[in-house]
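First the structure, in the form of C-alpha cells, and then the observations on it.
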Amino acid sequence: MTKDMNNTDIQIAICGSAGDGTIASGDIMKRAAALMGYNVIAFDLYPPEIRGFGKCISRIRISSEQTYSLKRESDIFISLNDNHAIPHVGEVRDYGAVVFEDSLIARVPEGRHISAHIKPAQVPYAFSIRQISEQATNSARSRNIVVLGFIAGLYDMPARVFHRVIAAKFATKPQIVIDDNTKAFDAGMRAGGAVFKLDDVAVGKPRDYSNGSDAVMMTGNEAIVRGFLEAGIGSYFGYPITPATSIMERLAVEIPRRGGQFLQTEDEIAAIAATIGAAYAGSRAATATSGPGLALMSEMLGLGVMAEVPLVVVVSQRGGPSTGLPTKTEQSDLNLAVYGGSGDARRIVLAPTNVEGCYRCAGMAFEIAETYQTPVILLIDLYLSNRYETVIPSEENTFAPKPRLRPEIAKGDIYKRFELTYNHISPRALPGEEGLMHTITGLEHNEQGRPNDAIHSVMSIKRHEKLNSATRFPGLTVCKRFGDEGPVDVGILGWGSTFGEILETMFEAQAEGIRCSAMKVVMLSPLPMDEIVAFFDDCREILVPELNYEGQFANLISGAVGRPVTRLSHVTGSPMVIAEILAEVRRLAGSATPKQKALGS
Amino acid sequence: MTAPLHHVIIGSGSAGYGAAMTLRGEDADCMITMVTIDALPFYNRYDLPGVFRGHHDWRKLLAVPPARYDELGIKLRRSSRVVDVDGERQTISLAHQEDVAYDRLLVCAGGRSYLAENLIDSVGLMHGFGSFEAAMRVYRALPKGGTAIIIGGDMIGIDLALTLLDTGYRVVLIANQQTFWPHVVEPVERKRLLKALENKGMTIFADERPVGVLDTRNKKFSRAVALESGTEITGDVVMSFCGLSSSVEFMLGAGVDIERGILVNPELRTTNETIWAAGDICQIWHDKEKIYKFYHGWKNVRVMGELAARNMSGSHEIFDVEVEDRLDIDDDGNLRSTFWTR
Amino acid sequence: MSLSGRERKESNLYSDKRSGNRVGLDDVHYSDDPRDFGWVRENVPCQTACPAGTDIPAYIWAIMENKHGQSYEINREANVLPGVLGRICSRPCEDQCRHGWPGNGESVSICHLKRAAADLKDRGHRLNESLYAPSGKKVAIVGSGPAGVAAAHDLSLMGHDVTLFEREAEAGGMLNYGIPEFRLPRDILREEIHNALRLGVDLKTGVTIGNGEGEIPLSSLRSEFDAVLLSTGCMAATDLPLRKDPDDKRINEIANIEYGFDFLLEMHRGEKKRVGKRVAVVGAGFTALDCARVARRLGAAEVTIHLRTTEEYIPVTKDEIFESKREGVALHGLRTPVALLGDSAGSLRAVEFIQNRLGGWRDNGRRKAIAIKASEFEFDCDTLLIAIGQKTDHNYLDCEIALDRWNNAAINEIGMTSLDGIFAAGDYVKGASTVIEAVGQGREVALGIDSWLMGKPRRKQSVRIEPVDEPLRERAFDFIARNHMPTEAVEERRSRLDQEVDIGFDNALTHEEAKRCYLCNLHYKIDVDNCIYCRACIEVAPKNCIKMVEGIDINKDGTYGGLQETSRWDRIGAIWIDNKECIRCGACYFVCPTKCISITRNQLVMREL
Amino acid sequence: MNRPLKPVYLEEKLEEIRSDGHQDYRSKSLPTWCPGCGYFSVAEGFTFALNRLGIDYKDVVVVSGIGCASRFPFFVSTYGFHTLHGRTLPVATGIKLANDALTVVAVGGDGDAFAIGGGHIPHAARRNINLTYIVFDNGIYGLTKGQTSPTSALGFRTSTTPYENGDEPLHPLMMLLSYRASWVGQAYAGRPHHLADMIATAMNHRGFSYLHVLSPCVTFDKTDRTYANLGMQVRDLPDDHDSGNLMGAMAEASHDDAPALGVFYKEDRPTLDEVMDATNKRSTAG
C-alpha cells in the first residue's frame, strides 16, 4: 500500500502522575491538532486524587480521515512518570517513538526506569525534560509543555498553532503563565528539532490551519452543552460530580450570558427539584449528574414522570456501585436510567454513541421532552463525556424551540392538565397563562390533577402509551445498521460510547472476510423494536459488547426480542478493547483460527 | 539450583553484539543486558558510508531484526549512558540514576574519534560520523556534488572518502600522522597510497597542519579550514578522522587498570575478576612484545567480543591473532586492507 | 472506659509550644559541638579539601555581592598570597566541589575566582590586618618560600619580631625560582609578598644559613632568637635511579642532561638556557610540565613527557595537561628510564625505557607502576630534563635534628623539631608538595610557635552560626555552564617566556561563574516542631534532597552519617533536608506553609581564647 | 522572615518524637493530599491530641463523608468509616448510640458539612450527641477540581462561578452557636500547635463539640484563603473572652475579617445518651 504523504493517522499517548500536567498537555495537543484541521479522537484517564500519585494518560488520535475510536496501538508515547508509564509502553507500535526523561532527580531501583522496558523495535528518545523546563521557566512544572514542544520539533509541527492554543488555554491566567508555557514549549521544540528523527511515524502536512477553529473539536460534554444552547436552554441546576461536572462548568459560563438561570444547589436532590420547578414554569430546564446522583434523583425523577414535566437529565456513567470508580468509565447505569425509581415510571432514554450524537441528542432532547411531557435522560458515560472528537455542527440551528400551541378550551370549561386524548398527550399550559390555572402533584391524579387513586390504571396506560411514537420522532436516529447487508454470520449490537470500537472491529472483521454487520441502538427506552427484530432475523449470531458485568443492554434486548444473545462484558474501567471484540467475532463466525495475514499487515 | 548469571555488556557495537550472541549460545539460561548510549539496536558502523548510496532507512542496516533480541532474551537498554562502574559492589550506574547489578561485566564501549587539541574550539563547526544519525546529518549537509574536507583520514575516513568520490562528491584530504590509521605505513608507501587517492580524484594536502575551522555560511561554501601556512580550504562539511581514543572515563572507579584503554590480559579479563573488556576500548597484553596493544578493525573487534564472551562463560582462550598490517589502494582507488573491508 | 466517664485535667491538653511561634535566635551563635564541626567538614567540601582551610563559599559570596576587595581579604585570612594561588594552585578544592558531583554538572572554577577577586579589587585596596601588641619575642625564619612568608606574616601580626632569611637575591623561594613567568607574573608575586611582610618583618636576602664561608650557622641564629623556623623547602633534585650496570653511562658523563629543578632555577636566576630539537622530560609533576613548556618556548621541535603511570593518575590539573598539549607537548605513559645512551661525541642520543604496567594504589591516591621484565626500548632524543621530584637538603645544619622515614625533618604537634625552639614547616617537613599545602603549614606552625612562645594557645577554632534572612541564590544559576579560562593564542605563546597564558576572567565572566557556587556553607534546616509533614518542600525540590527520615547514623567521632529514610507514614519522624544533596536553591523555603525552614551560614572561624 | 533556631540536633529530636508516641496514631500509608495542604496539619494535630488524651486507637472511630477532607480516616490508625456525601453525622450518630464506649470523631470538608450535609448538623447539635465534629474548611471543592462551596467568599471565582460568587457565604460558627452546639471552637492549619490543643480540648468535651479549622487549598485557591492571607487575618480570642456567654461568642464569631482562634463557647448540658437513658427510665417507671 502506498502511503499518501499527506495522509496522517497517528496516536499520541502522554502518561504521567497526577500533578504532572499530563491531561493539560494532552489538551493542548488535541486542540492544536484540531486547529491544524485534523480529525481528533481523544480520551484521558485520570485518578480521583488531584495530586497524590495516581496515573494519568491522555491518548489522542489525530487523523486526516474519519475515525471511530482510538487505535489499538499508539505511535508516539511520552512518559512524564516512568512508574506509571512502564506498564503502558508496550502499547507503542514497532518503530514508533518513546519519549522519556534522561536525568531523574532521585535514584530508581533497578528496572524501574523506562529504558529497561522499551522494546527493541521501538525508538527511544531520551532528553532532559526537567532541566529544560527549569531552564526555561525556573520551575519543573512545565515539563508537560516541554515534551509537547519536543514532539512539535521532532515532527516539524507549526509552533504558532501551539502558541495560539497555549494563549487561549491560559487566557484567564496572568500573562506570565502564558509566557512561561510558551517559553517551555519553544525550549522543548528546540530540543526536539535538534534530535535526529529515527522513528517512522509520518505526520503529513496539516490540511489547513489558517481557518481552523477549535469549535470543531469537542468532548461529549461540550457537545451536549452546544446542543443545549442551540436548543435555547433556559435553566440549569446542578451539583458537581465526576464526570458530568464539565457540563455544569461550561453552562455556568454560558447561561448567565443568555439571561437564563444557573445555580449550583446544595445537592442533587435540590438540583433536580429546582429543574422540575423551572420546567413546570415553562423554561427549557436540565440537570446533569452521574450514577450516584441519578440514584439520589430517582425519587424526583418519578415526580417528573408522574407530574408529566418535560425536563432533561444528562447522566454520564462512571464505574459503580456506590462511589465506585469515580474517574473510570463504565456502562452500568442502564438499568437505573431505564427502570430506576419508585413505581412504573417509563421515561425516554437516549444513548448517543459519539460526540456528534451527543450534540444532536442534546439539541433534540427538549423538543422530545416537551412533545411527550416527560423526563428525557441522555445516557452517556465518562469515555464519551471526556473524549474529544471533531464534529461538524449544523449550519442552521434546527433545535430552537418551535412555537407552542396554547391549549384551547371552551369558555367556562375547566382546564384538564392531564386530559385523556387519542395519542395520550395532553395540551400543556404554563403558569401565568390566563384561564388555565391547575395543580400538578406527585400523587396519582385525575385529568385535572386532583389526587385520585381510582384512576391509576387509566393513567398508567396514558403515561406508558404516549411514548410509543417516540421511536419514529422526526429527524432523530434511534438506531442504525452498518456493514454487510442481508444475512450475515455475526451481528454486533451496541450502544453508547462502545460503538466506536464496535465499528472499527467490524471493519477489521470484514477485512478478514467475515460477513458481519453492526447496529447501534440510540433510543433505549422505548426500544425501536421493528429494526431490532429485523436485525436479529438477519444475523446468525448476535454479539453484544458492553462495559458492565451482567450485560444490562443484552438483558434489555434479549428480554424484548425473546432471543438469546452472546454477551461480551468488559469492566476494567477503561474503554472497550477492539481485540477482545474481534476475538469473539472470529469465534462466533466459526473461523477457528484467526487469519494470521490480517495481523501484521 | 543457582540463579542464572546476569551478564551485562556495555556497548552495542561489533564487539558487544558478537559477545551477546555468543553468550546466548554458550548459556541458554543466563540473563543478558546490553547497555548502550545509542538509540538503535546493533548495526554495522562500517556500513555507514552507505547512506551516500541511498541507504536511509536504519532498519535495513540492522544486523538482525529487533524482535530477535526478544526471542533470544537479550535485554537492550538504549539511550542509556553509563557514568560509573563499581567493581566491588558489581553494579553499573546509569546517567538517569539507576544502578544495574551484574555478575559479569563486559566493557566494549569502543572509542570516540580523536580530535587534535588545537581544533577543539572548532568542534561545533565540524561533523561527526560515529552513528547513523551523524552520518545522515552529513548526508543532509552536503549539497549534491558538494565538497567534504577530511582532516587526517583514518581507514573509516578513507572508506567514506572513496564512497563520496564514487557517488559524485568532491573530497579534500588534509593528511597527517593518522592518515591510514590503524595501519602503520612507511613514508615511501604513504606517498604512493596518497598518489593513488589523488588519481582517484581526491585533492590532497600532504604536509599541512590545520589550525582552525571557520564558519563561512554566508559565502559560496559554508565552511573553511585554515592551515598553518595561511592557506584556506573551502568546502561544505569538515570532518576529522584521526583514529579513535577510547572512552574510559566511566571506568575510573571500577578498580581496573587503565592506560589509554582498559588493560586486559590475553584472556581479555581486566584486573577485576568479574570484568572483561573487548574491542577498541581495550589494550591487550602481548606476551612477546611485552606491551599492551590496541587491535582495531571490525574483524579483530568482533573476534574479541566473541572470545570475551566464551571466557566469561568459563573458557580460557587466548587472544592470539597475528595481525597482518597490509594496505593497498590500486590506481582505480580499489582499497584492500587487512583491517577494513568495504 | 467511656470518654465521658474519664476525668482529665485541662492543663494536660495544651502543648508547651502552644503559641506556634518558634523558639528564635536573633544573633550569631558559636558552637564547639563536634556535630557542627562535622557538618562544615562534610558540607563545605571545598574548604575541607583546602590545606589552608580557605573559606571558599564566603569569598565567592563576597564576589556575588560585588565586594571584590572583601573577597580578597577573606582569602588572605587563610592564605596571604591569593593572587599567586589564584594562578598556580593545584586546586584540591575543585576536585571536591559539590557542583562537580555526579548529576550536578561541573565544579565551580574556584581558583579562577580567587584570581578574579585579586585582579578586580580596587587599586589602593585596603588590607585588613588585626595586630597583637608587641610580645618582645624574636623569631628567625629561614627560607622565604610560601611557608616562610605565611609564617612570617602571621607571627609578625601576633606581635613578634620576625627576621626572614633568604639565600637568593629575592624572596619567594620556588614561587620565584621554580615557576615560569608565563604561569606566574613576577609583579603579582612581588606585590603580595611585600604586603605580607610589610608589617615589620625584616627580610634579609642574599644571606645563607649554613656552615660555609660568609654563612650564618644555625646554632648562632638559635642563640640570637627566641625561636627559629626552618622553611627551606626541598632544594635538592631527586636523583634519577638508573640500571646498575657498570657499562652504562652515568648522568654526568653525557652532555645535554639536566635536572629540571636546576634548569628552572638557573633560568630564573638569569642564566641563558638552551635545549635541543627533541627534548624528553621524565617526571609527572608541575615541574615536569613547566620544563616541557619552557623547552617548547625555547624552540624545541618535539617535546615529550614520559610518565611512570598514566595521565589519569598524575598530580597536576587537567587544564595544565590540556594547555601543554595545545602547545605541542606529547605525553607518553607507562615507562621508566633505565639507561642513558650517548653518541660518539658524548652527547645524548636516546633514553632507554622499560615498559610498565599499573600496580596497586598508593596511599596518596596515585598508582604504582611495575616494570615489565625484558620490555626495554629506546627513545631517541637530544635533551633530557629530569623532573622526578625534589628532596630536602640538611647539609646546611650545624646540629643534628631528628628525621622521619622519608628523611624529612620530624616535628611534633606544634611544629617543633627535636631541637628546642627550632621549628620546621613547608616542604622541608612534608617533602615536595603543593604551594597551598606550604601556605597552610606556615600558618599552622605560626600558631604553634606563638603558643610555645606565649606559654598557652591564644586562638582556637569554632563554628560560627549566623542567621541568613532568605535564600541567596536562584535555581537558574544552577544551569550556568562552567566558564573556562580565556587563554593567549597558542601561536602567541611561543615567542615569549613571560607572556602569561591565562588571561583571567573579566568582571562579567567573574560574576557569571560566582553565581554557580552553591554557597555550601548555608545550612537549610526544617524545624521539626512546626513541621506538619505536608511535603510541600519535597514537591518543589530539584533533587532528591529532602527526605522523610526515621533516623540518622552517628559516626564514631560524633559526627553525622547517612539519613535513614522511610516512606511509612507512621515511622516518619522528620522531614529533613539532606544537606549533602541540597544545592541551596531555596525552593523549599518559599513554599513551607508553617514557615519552618530556616537558613544559617555555618563557618569555621578563629576565636580569641 | 524565618528566624533560625538554636542548633537542633536531629537524632535528639527524633528520639523525642519516637518516645512521645503520637506517631502510632498514623496509618502506614502516606496521605494523598496535595503537598502543602492544610489538612496535613489537622492530621498531625489529631495524632498529637489522641496521644495527649491517652486514648487507645482501637477505641476511636473516625467517620467521614466525601471530599478531600473525608480521606482522613485512611491516614490514621483508628477505626474509620468513609460514608457518603454529606451523610457523615447520621452514620456517626448510629455508631455512637450503638456503642458509647467508642470515641467517635466525624470529619469532613465545608461542602460535605454545609452543602449536602447541612441539614444534618442542626439536629446533631441540638440533640447534643457526644461526639466531635471537625470541619476542614478550605472554602472550595477540591476533589472535583475547584468549584465554589457554601463557605466560599463573596466575589470568589471558581469554575462554577466564573463571574464571581454572588452568594453570601455561610457563617459556620454563628450557625453552630445558634444550633446550640455545646462546644464551638476554631483553629487554623498554619498554627499546628494551637490546632492540636484545640482538637484535644474538643474531644475532651462531653457533648457535641464542633471544631472549625481554617485550611488553605493550595491547588485551587491561589487568591483568597491562602496561607499568606490567613496568616495575616487570624487572631487569638481576647484573654478575657467568656466562653460561657453565648451572645459574647456570637459577637466574636461575627468578625469576618479577623477570624479568632480558640474556644468560643462551651456549656454543660445532658447529652443524647443521657437523655435516652432518662427516657428509658421514665418508660419503665410505670
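By written order: A, B, C and D. Residues from 1 in each chain.
Following the convention adopted for this analysis, a residue touches a chain if its C-beta (ideal position, glycine included) is under 8 Å from a C-beta of that chain, and two chains touch if they have at least 3 such contacts.
As the structure is a computational prediction, the values presented were derived from the model and not from experiment.
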More contacts between chains, A-C or C-D: C-D
Per Cα centroids, the chain farthest from subunit D: B
Approximate Å spacing (C-alpha centroids) for the pair subunit C, subunit D: 60
Between subunit A and subunit C, centroid-to-centroid distance (C-alpha), Å: 69
Subunit A and subunit D, separation of their C-alpha mean positions in angstrom: 38
Approximate Å spacing (C-alpha centroids) for the pair subunit A, subunit B: 55
Shared interface positions of subunit B, touching two or more other chains: 97
Residues of subunit C whose C-beta touches two or more other chains: 103
Where subunit A touches two or more other chains, by residue: 103, 105-107
Inter-chain touch pairs (all): A-B, A-C, A-D, B-C, C-D
Subunit C residues touching subunit A - in the complex, by the definition given at the top: 103, 474-476, 478-479, 540-544
Residues on subunit B engaged by subunit C in the complex (per definition of touch): 83-84, 93, 97, 117-118, 211, 252, 257-260, 263, 271, 285, 290-292
Footprint of subunit D on subunit A - complex, ascending: 19, 48-54, 239-242, 245, 248-249, 252-253, 256, 264, 266-267, 292, 322-323
Residues of subunit D touching subunit A in the complex: 32-35, 66, 68, 84-86, 115-116, 118, 141-145, 147-148, 150, 159-163, 219-220
For the subunit A and subunit B complex, residues of the former touching the latter: 94-95, 101-113, 115-116, 118-121, 123-126, 196, 198
